[in-house]
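In the two assemblies presented below, chain A is common to both, partnered first by chain B and then by chain C.
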Partner chain A sequence: METFKYILRRVLQMIPVFIVSLIVIFLMMRLLPGDAALATLGEKVDPKVYEALKENMGLNASLWDQFTIYASNLLQGDLGSSYKYKMPVAELIGSRMVVTLCLALTAAIITIIVALPLGYLAGVKKDKLPDVLVRLFALVGLAAPSFWVGLVLLITLAVGTGLFPTSGWGKDWGEHLWALLLPGFTLAFASIAVVIRNVRNNVVDVRNADYVDFGRSKGLSSWVISTGYVLRNALIPTATLLALRIIGMLSGSVIIENIFGLPGIGALLVEAVTGREYATVQGCVMVFVAITLIVNLLTDILYSVLDHRIQLGGDRA
Partner chain B sequence: MTSLELKLGADPAKENEGLDKPKKKKTPKITKSGKPSVWRRSPSLLVGAIMVVFIFFVAAFPTLFAENAEKPMTALMDFTAMLKPPTAEHWFGTDNYGRDIYTMVIGATRLDLLIGLGSVALPFVVGSFLGLICGYYGGKLDSIIMRILDVFVAFPFMVLAIAIVAIIGNGIMNLLIAMWIVSWPPYTRLVRSEVLVAKNSEYVQAAKTLGYSDITIIFRHILPNVISSSVVYAASDVVMCIMTAASMSFLGLGVDAATLEWGSIISSGKTYIMGGYWWISTMPGLIMIFVGLGFSLFGDGLNDLLRTKD
Partner chain C sequence: MDKFMLNRRGFLAGAAALSGLAAFGGLAAPQFALAAPQEKIVIGRPVDSDDLDPVTCLGNINIFIFNLIIDGLVKTSNDGSEIELNLATGYEVDESGTVWTFHVQEGLVFSDGSPVTAEDWEWTFTRAIESEDSNWHMCVENIDHVECPDDTTVIIYCKEEAASTLANLCIFTLGVQSKAYFEKVGADEYHNGIIGTGPYMVKEWKRGEYLTLAANPNYRVEGQPYTKEVEFKIVSDDSARVIQLQGNDIDIATDLPFATLMQLENDPNITVQPDPSTMVYWISINTTREKLMDRKVREALYLATNSQEFVDTIAFGYATAASSVFAPTSEFYYGGLDQPSGDIEAAKKLLEEAGVSNLELSILIRGGNETHKAIGMILMKQWAEIGVTVKLDEREATSYQKDRKDLTQYDLIVSGWSDDIQDPSEFMQFIFDFNVNSGYYSGYHQPEEMQALNAQAQIELDNEVRKDLYAQIQQGFRDEGIYIPIMVTPWCNALQSGVTGWVQTPLGNYRFEELAREA
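Then we have the complex of A and B:
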C-alpha cells in the first residue's frame, strides 16, 4: 500500500514537470531563428505559395493560439505532421523509435555481458594484476569520446574489412542485428567503464562486510558466499545505475546514429533541428523527456524492490 | 589523516585557521606522525596531477610542441603533401589541405581546455550556491528551485544542448552558454543533499547558538564541509564537457567549422574515411584520451583524498 501511494505521488509529480517541459520546448522552437515555411520550401519560392504554406502550418496565428492548438491536438494524440517526410509525426517517431530502442537494448546487453564479469573479477582480485588491468581499461573507456570510438570501429571493422555495414539498418531482423552490433558496442563503451567501476567498488565493499565474514565462519562454501552474499548485494546499486545509463544512452544515440547512419529518433532530432521542423522536434523531445521521466521513476521503484531497507518516499523534502 | 581531511572534520574555529595558513606548514607535521604523504596514499592523484599540469603546459606554450601551432590555418596548407599517412615527419598525417594534423591538434588544445574549464566554472559556482541556499533554507524557495531542476533534468543533456545551440546559433560563446544551462543541476543536488545533513550537525547548532548570521554560517561553516563532492564531480565534469563540446562540433552544432577544435578536426575527416584516409578522424582522439585520462585520474585521486568512507 505504501509503495502504491508512493508511486501514485511520483506519477502526479511527473505530470507538471512533463507539461512544463512541453511548454519549454514549444517556446524554444518558436524562438529559433529562421522560418519554418521558408526552410521547407527552399530559398526561391512564389510568395503566394509561401503565404499559403505559412497559413497552413498555422504560423500566422499568435503564439498563444499556436500553443492552444498544439495542446488540444496533443490531447487528441495528434503530434502534427512532418512536411519533409509527408507523414504524421506520431507515425514517423513510431517507426524511428524501434531503431533507437533496439540500439539501446543491444548496448545494454553488451554492457551487462562485458562489465559484470570484469567488474566482479577486479573486485575479487583487488590490487592484483587483473584488477589493475580492468581498472585501466575502465579509465580509458571513460576518457575516450564515444563518437571517436564509433569512428575507429567503423574504420577498422566496416570500411577496412567489409564485415559490417558502414551505414544503414538493413531490411530484415538478421541484417538489423548485424547493423546494430558496432553502434551498440560504441554506445555501450562508456557505460561499460562506469558499470565496471561501480561493480568493482561494490564487490570490494561487500566482501569486507561483517555478514560475509559471518558466512565464512559458519563454513559456507565459497560458491554460496560469492553468489548468495557478495554478488547479490553488490549488484543492487549496479541495477539502478544500469537503469540510469539508459538515459545516458539516449543522449549518446543522437551522435551514434549519425555516425552509423541509423534511422533512429536521435538522427531524426538532428535532421529536424537543422530543417526547422517544429512538429518533429517537439515530438522527438517529448518522447525523450517521457522516457527520461519514466526511467527515473522505475529506477527509484527498482531500488526499493531490490533493497528492502530503503523506504520509498522517505526523505524527499 | 591529511591536512584537507583534518580541515573538513575540524570545528569551525580551527577550520578557519586552516584556511588562512598555507598548506605547506601542515604537511610535514603529518609525515612526521608516520603516515604516508598525500601523493603516496593516492598515486592516481599524483599521475593525474602531472598529466593535467602537462596539458596546461601544452595549452600555454603550444609552439614548444609543434612549432607552427600558433600560425593561422591557411599558413599550414601544403598542397604538395595532401592526405599523407602518419610518418616521422607528420606524426598524425596530413589532411586534405596538406595541413599537419599533429600541429592542428596541439594548436586546438588551448581552446578545448578553455571550453572544458569554462563550461564547468559557472555551473560549479552557481549550482553549488543554489544547493547551499536550497539545503539551508528549505521551504518554498527550495521547492521552486527543485521543481525547476526537475524540468532541466527531464531532458537528456545532449538533446537540450542541441536544442539550445539550434536557437542561439553556433560559436564558442553559444556553445558555452548551452553547456552552462545543461550542467548546473548535479552541483545543486550534490551540495543540497550534503547541506541537509550538515545543517543538523553540532557545529552548525553551536554557531547558531552563538548568534552568527545565516551568511556566516552558510559560507564559513557549512560551505567548506559540503563542497568536496562538488569539487570531485567538477574534475570529471571537465572531461564530460570537453567531450560533449567535441560531440556537438562533430554534429556541426558546436564551434563553426573553421575554428580549430578537436571535434571539428575529427568531423572534417569524416568524408575521407570511405577513401581509406583513416588518420584525420582517428589521430586527434588520442590526445582527447590523454586529457580524459588525466582529469579522470585527478578526480579519482581527489575522491580518495576528500571523501574517505567513515
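Then we have the complex of A and C:
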C-alpha cells in the first residue's frame, strides 16, 4: 500500500514538473533569434507567401495568445502540425520516437549484458590480468568517439558482408531488431565503459565490507556471497548511473541515427530546432520530459527491488 | 493567333514541331545498351524529401525529383542550355505575345492509367497560380489564366509579353497532375505523393528512411525507363554514404563533400561525377556602410580577392573560379569578365587613393556551413595582405537567414544562387527589386540605366539581343563593385562504374529515363 501511495504521489508530482517544462521550452524557442516563417520557407522567399505563412503560423499574435492557443490545443490532444513535413506533430513524433526508444532500449540491454559481468569480473579479480584487460577495454570505450565506432562496425560487419543492414530499420519487428544491433552496440559502447568502471569499483568496495566477511564466516557458499551480497549491493549505485545513461542515450542518439540511417527522433529534433519548428520541438521535448520522469520513477522502484531495506514511501531506509 | 514568329520563339516552335513528331510518331526509346539491367538502383542522399506536392513544397530536396514523376508542356534540355518540348508537340504565339497555344500529345495517360484531360491541365495551372501556400508564384505570376478547349490544347493567357514565358513554363508546379487523384486523397495526403505522367511514380515513402519510385507502366516512351525501381535512401552521414558506395550497398551517392570526391577518385569501381550546376558563390558588399560606399574601396577588395584559391582550397579543384554572378551553364552568362585574381599591388594603391587604412570588416556567414566558413577564412587571409582585417561573424542558420535582411547587421555576406528555371528573370528580380532582398544583400539601388536594361531583357524576344542585354547587366554589376564572384560549384555525385544514363541537369533536376546498371 505504501508503495502504491508513493508511486501515486510521484506521478502527481510529475504534473507540475511537466507543465513547467512545457512553459520553459515554449518560451525558450521563442526567445531564440531568427524567424520561424523564414526558416520554413528557406532561401528564396516570396514576400507575400512569407506574410501569409506568418499569419498562418500565428506568429503575428502576442506571446500570451500563442501560448493559450497552444495550451488549449494540447489539452484537446492536438500537438499542432509540422509546416515542414506537412503532417500532425503527434504522428511525426510517434513514428520517430518508436525507433529512438527501441534503439535506446537495445543499447541499454547490451550495456547490461556486457558491462555487468565484465565489471563484476574485474572487481573480483582486482589487479589481476582479467581486471587489467577489462579496464583497458573500458578505457578504449571511453576514448573512442561513437561516430568512429559506428563507421568501423559498418565497414567490418555490414558493408559488403550482408550480415547486417547498412542503414534503415526494416519492415517488421524481426528486421527492426536485426537493424538495431549495430547501432545499439555503437550507442552502448561508451556506456559499457562507464558502467564497467562503476560496477568494478562498487564490487571492490562491497567485497571489503564487514557484512561480506560476516557472510563468509557463516560459511555461505561463494555463489550466495557473490549474488546475494556483493552483486546486489554493488548494483544500487549502478542503477542510478544506468538510468542517467539511458536518458542520455535518448537525447544523444542523433549521430548514431545519422550513421546508420535510422529514422529516429534525434535528427528530427535537431532539424526542428534549426528550422524553428515550434510545434515539433515542443512535442519532442514533451516526450523526452515524460520519459525522463518515468525512467527516474522506475529507478526508484528498482532500488527497493535490489535492496529490501529501502521502502518506497517509508520514513526509513 | 496562328501567326508563327521568326525569332527565338519561332525557332523553338519549329524545333518543337520536329521533335514532337519524332516523339509522337516513334515513341520508342533508343536501343537499350545493357543486356541485363539491374532491377533497382539505390541512390544515397543525405536528406529526405519532406513534401511531394509540387505546389506547396520548398527546397531542392523535393524539387529535384519532380522531373521523374511529372511532366510539363516544355522542359529544359539535359545540359540546361535550351528549352525543349515535353508533353507539347508544338505551339503558337499570337501577335501580342501574350496568348500561347500549346498542342499536347494525344492519348496521354497518367501513371494510374487514367487519361490526361483538359480538366487536369486547367486544374494544374490554376492551382499553381492561385494556391496561397505556394512559394513559386514568381514563376507563374505572369499567367493570367488557362483555357483548354479540348484534351490536347492548352491556351495560356499571359498578363504581358515576356521573354521568360517558355522558361517559366518549365517550372515543376506546372507539370500536369491528376485532378481526380487530388480530389480522391485530399490536400493533406497529396503531400505524400502525386500522380503524373513522368517515367516514375511514387511506390513507397517511408519518411526519414527511403523513397521508392517504381517505373510508370503507362509511360509514353516504350522501353523507358530502363530501371524498374529507383530508391532514394537516406544516409545522412557523409562518411557512411561513401562507405556504402564503396561497399556496393548503394549505386549512387549524391551531395558528397569535395574532399570525399578526391578520395573516391582512387577507387577503380567508382566514377566521380561532378555535374555542372548553376550554383554560384559570391560576396555581397553592403554599400550602405560608410566605409564601403567608396567605389575605390570596393574595387580594392575585388582586386585583392583571388577566386582560384577558393577553388583549390575549398573545392579541391572540382569547382571553377567565378567571374560573374551568372553561372557559365547559363545561356546568358557573359564570358568577357575577368575573375578576381589577387592583384595585391593594384588593390593597395586603390586603398591609398581612397585614403583608407586599417579597414576592419565583418563578414556574415551561415553557422554550420563549412563552405561559408572556409570562404570567410580565405578572405581573411587574402585581404590581410592589403591591410584589411576581416572578422568572421558566424550566426546560427536561422538567425543568419533573418539578419541578412537587415543591412545594419553586416559589412559583407557570403551569398549564393542556383537557378530554378533556365532563365535569369527570377534571379534578376531578386537583385533588381530592392524590396525583395535589398539588392540581394548589397543595399544597392540599381540605377535607372540598369533597371531599364533589366526591364528590356525581361521582354526582349530576340535571344541574341537578350544575351547582349544580360552581358551589359553583368558588366554593370562588375563596374558597381557590389559583388565579388568566388566560385561555381558542381553537383557532387559519385556512381558505381557500371551505372549509365545518370543525368542531373544544371538546375539540379534528375532525369532517369535511361539510368541503368548491368546486373
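Basically, the second predicted complex is superposed on the first by the 259 of 317 C-alpha atoms of A that agree within 3 Å, B and C clash if a C-alpha of one lies under 4 Å from a C-alpha of the other, contacts with A are read in each partner's own complex, and residues count from 1 in each chain.
The rule we apply is simple: contacts are C-beta pairs under 8 Å (C-beta built on N, C-alpha and C of every residue); 3 or more make two chains touch, one makes a residue touch a chain.
Remember, it's a predicted structure, so these values are computed and weren't measured experimentally.
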- Message: So in the superposed three-chain picture, is A:155 touching just chain B, just chain C, both, or none of them (first/second/both/neither)?
- Response: both
- Does chain B (first) or chain C (second) touch A:166, or do both, or does neither? both
- Query: Should A:16 be classified as contacting the first partner (chain B), the second (chain C), both, or neither?
  - Reply: first
- Query: Regarding the shared-chain residue A:96, is it in contact with chain B (first), chain C (second), both, or neither?
  - Reply: second
- Query: When the two structures are overlaid on chain A, which partner does A:251 contact: first (chain B), second (chain C), both, or neither?
  - Reply: first
- Query: In the superposed arrangement, which partner chain does A:147 touch: chain B (first), chain C (second), both, or neither?
  - Reply: both
- Figure out whether A:269 sits in contact with chain B (first) or chain C (second), or with both, or with neither. first
- Query: So, does A:293 touch the first partner chain B, the second partner chain C, both, or neither?
  - Reply: first
- Which chain A residues are contacted by chain C in one complex and by chain B in the other? 32-33, 147, 151, 154-155, 159, 166, 255, 258, 274
- In the complex with chain A, residue positions of chain B that touch it: 138, 142, 147, 150-151, 153-159, 162-164, 166-167, 169, 196, 236, 239, 243, 246-247, 250-253, 263, 266, 270, 273-274, 276, 278, 281-282, 284-285, 288-293, 296-297
- For the chain A and chain B complex, residues of the former touching the latter: 13, 16-18, 20-21, 24-25, 28, 31-33, 139-140, 142-148, 151-152, 154-155, 159, 166, 247-248, 250-252, 254-255, 258, 269-270, 273-274, 281, 284-285, 288-289, 292-293, 315, 317
- Query: Residues of chain C touching chain A in their complex?
  - Reply: 50-51, 53, 56, 58-59, 132-138, 188, 191, 206-210, 233-237, 239-240, 243-244, 246-249, 368, 395-399, 401-403, 420, 430, 435-436
- chain A - residues contacting chain C, complex: 32-36, 38-42, 44-49, 52, 84-87, 95-96, 147, 150-151, 154-155, 158-160, 166-169, 255, 257-261, 263-264, 267-268, 274-276
